[in-house]
Amino acid sequence: MTDPVLSVQGLSVETRDGVRLVDDLSFDLAPGEILGLVGESGSGKTVACRALMRLLPEPALRIADGRVALMGQDLVTLSEARMRGIRGRQLGMIFQNPTAHLDPVMRIGDQIAEAVRLHEGASRTDARARAVEALRQVGIPDPEARAGSYAHEFSGGMRQRAMIAIALACNPKVLIADEPTTALDVTVQAQILRLLMDLRDRQGVSIILITHDLGVVAQTCDSIAVLYAGRLCERGPKRGVLGAPAHRYTAGLIRCQPTSAGGEGMLDTIEGQPPAVSAMPKGCRFHPRCGAVIAVCNTHQPEQTARGPGHIAACHNPVADAAMTVSV
Amino acid sequence: MTAIAARPLYLRRFPGRTTLVVGLTVVGLMLLAALAAPLIAPYDPVFQDGTARLVAPSAAHPFGTDNFGRDVFSRVIWAARVDLQIAFLGVVFPLVIGTTIGTVAGYFGGVVDAVFMRIVDVVLAFPYLVLIIAIIAILGPGLKSFYIALALVGWVSYARLIRSQILILKSADFVLAARSLGYSHSRIMFRHLLPNALISSIVFAMSDMVLVLLGGASISFLGLGVQPPTAEWGIMVAEGQGFITQALWMTMFPGLAILLLSFGFSLIADGLGEWLGVKE
Amino acid sequence: MHRYRFVLLRPLQFLPVLFGISVITFVLVRLIPGDPARMLLGTRATASALERIRAQYGLDESIWVQYLYFLKNLFAGEMGKSIVFKTDVLKLIGTRIEPTLVLVIGSVALAILIAVPMATIAARNRGRIPDQVVRVVSTLGLGTPPFWLALMLMIVFSVKLDLLPVSGYGRTLPEKAAHMVLPCLTIALSLSAVLTRSLRASLIAQITSDQATAARARGLSEGTVFWRHVMPNAIVPTLNLLAVNVGWLIGGTVIVESVFAIPGMGQLLIRGIFSRDYMVVQGVAMCFAVATVLVNFLADILTVAADPRVKL
């Protein structure tokens, strides 16, 4: 095994009132790996990634505990000034809604050049050339001309490409992609995912792909981490987690996934709603919605146990091995 | 949850509450002072004491006296009656006229809308105060002319505001529902659309009171509004202008009264806006 | 550049508004009871002069024909004569335009200089004491009567501190500048209250916006994010507010010119009203209205320049 680029250990995020939105999250990210961070809305995946970037809306939310080591350097204890040198240069981020996340009154090329000039002290002309190059890298046709365009002159897919160009302009080691395809048309979604995989292959960037869509994970990722109500349920290589899910929540999510080949008509659902942050259940946070509750689930938080090579799950009553199979 | 919902409004917390409460208190106290003027004011507002001209503030005359020996404190209190009336009446007429025109124009659209909105454009092309001054110049100075001028000019803002709200609401689902139930035009307009659109114009009316109050006081200051010897804050400032180096109190206190009342109205407008989620 | 096509087209849309302005000013003066000819010339006019004015304005014809005469005179640059000053109204306005223009431009510039730092401090310290102070001060500023503020500033800076002249305009440039400080400050303080409130609200909305978060994720410092991404986006609505307030601003100059005895158009208007010099009132009102239309046009151009999304 190579050393991980990013190693997250016991990361916890708390609200001002002490509610843990992310509780004890740990995972490693290898160079060139694409990790899918999966969960329903409100599961804490976006909050977790904002915490990695140290972009939490303080003082409403703060990192309560944990270590985020980027190539051995802990980001949690870094000064804000040093952290700014990491953002954009080592850690890039793209967002769900490219329209809202691009500055509407600044030319796209200038938004890319801005980061290049800041982090690498490039001259105006150099930065401009880099911006054009970055746009070319993400497959924007006629990048020289398009660098002078504004966000509203781009289509949705082009805007997301532009955002990726901004995030990758300084060749960061890790790219955090927060639901990058959710707001896009299905056909454009596939193009953007292919672009991300391409960029990984060409530039060796590691990617954390936040999504609620297991289909996206199956297509794109090397490994998966499943979050429920702020806690890690299960994590491991894609084949292991999707092929032999151990946690009841993961298994439920897989059953809810529409399979284009199947066509049985009815989709499975997981009964109930994720818990409100103000009323987290005791024991396993998933137990009120779980179909296989045993006594201990009500009282004790499950420990993480190994299920296979690199595959761990935190469940008191895991799915028996090979109880279900999913073609990946 | 039901326990919270059942609590009276004044006990509940909502955004803008503090602002609203402070504003209501300021305006309420001034309203009370105006109503109770005969009880509170130590002197008759027009009584001239020849032996006590331009007396500096003291226990006998908290705000001093003016060049005619009238008690400034008493005049400030009595003037609240006139200035509150200016703020209320100066807003009510434009509000009613503008709301009616805006609703009709917004609901029917077409030619009616086009004609009214061109009129709005033209009226808005004139500086507000200049047009009001010009109309008063023709009608002759006085409060009545001021109200007429305001009614002729002030309605446009309300008409525009209501119209834009109606246009948004017109496409909303519940209007289609009302239509499909066969309700008449006027019923849909006044029973369904208007109550929704009115909220933003009520909030606007509160901030408009500041403008109207300042406008009315300015007009009186220029000598085109309330006429002497009636006590009104704007005219009191004008009367004090000539004695500003000897008797600053003559101008200072009526001005502070205007400032305080406007502040109260602004706070009410801000608090209401924050509470009801209306953006300016 | 097609976004700027409206610069050529918009003046055509002004025509109905200009037409409306001419109708209103025409009607305003015709509504005054009494013999219009006498009103135009004053009570001591000779019979022959009255005859001449009746012919020039078609006063014996129907009201519609009179309006056409009025328009004809207007296009000829003929706005009538002032009975008090015995000169052409247009010429008279020409001699009064400078102080008013200086007052308007000076106070807008000053208001921006006050509002931008105030709103910046408030928005960047949202909810904390500096923000609360700015909120209270700007709300108070909103409710301050300009005529009273003018007198208070006069007392402090001219009488007590003896730094600036009390009133008037002066002849030389330094004199004029000194005379315009307090009038500009009066209007600027009121106007900046309006601008500060609006700018503060849009700055706060922009500071918490997604595009600002994305800029921070690029490693930009809070200051860079603020000046390069937050302010440029927040300034656009405030710019429009400024245009909307031009009418109010001109009203303010009328009052301030009266208080400080500045020989500008506002003072001319008020004097015209008191001396029943109706042609002057008509002329000044019309000029103010046309100026308002032009300033709004200018604001539209600035908005298009500031926000690439806007199409007019």
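In order of appearance the chains are A, B and C, and numbering begins at 1 in each one.
The rule is simple: contacts are C-beta pairs under 8 Å (C-beta built on N, C-alpha and C of every residue); 3 or more make two chains touch, one makes a residue touch a chain.
Just so you know, these numbers come straight off a predicted model, no measurement behind them.
A linear topology is adopted by the chain contact network, the touching chains following one after another without closure. With centres defined by CA atoms alone, the chain at the far end from chain C is A.
Chain geometry summary: the mean Cα position of chain A and that of chain B are 54 Å apart.
Rounded to a whole number, the gap between the C-alpha centres of chain B and chain C is 22 angstrom. For this pair, chain A with chain C, the centres built from the Cα atoms lie 54 Å apart. Counting only residues that touch two or more partner chains, chain A has none.
Residues of chain B touching chain C in their complex: 118-119, 121-131, 133-138, 210-211, 214-215, 217-218, 221-224, 234, 237-238, 241, 244-245, 248, 251-252, 254-255, 258-263, 265-267, 270, 279-280. Interface residues of chain C facing chain B in the complex, by the touch rule stated above, are 16-17, 20-21, 23-24, 28-29, 31-32, 139-140, 142-149, 151-152, 154-155, 159, 198, 201, 246-252, 254-255, 258-259, 269-270, 273-274, 281, 284-285, 288-290, 292-293. Interface of chain C with chain A (complex): residues 208-211, 213-221, 224, 228-229, 232-233, 236, 306-309. Those residues of chain A lying in contact with chain C across their complex are 53, 55, 57, 84-89, 92-93, 95, 97, 100-106, 114-115, 118-119, 150, 152, 163, 166-167.
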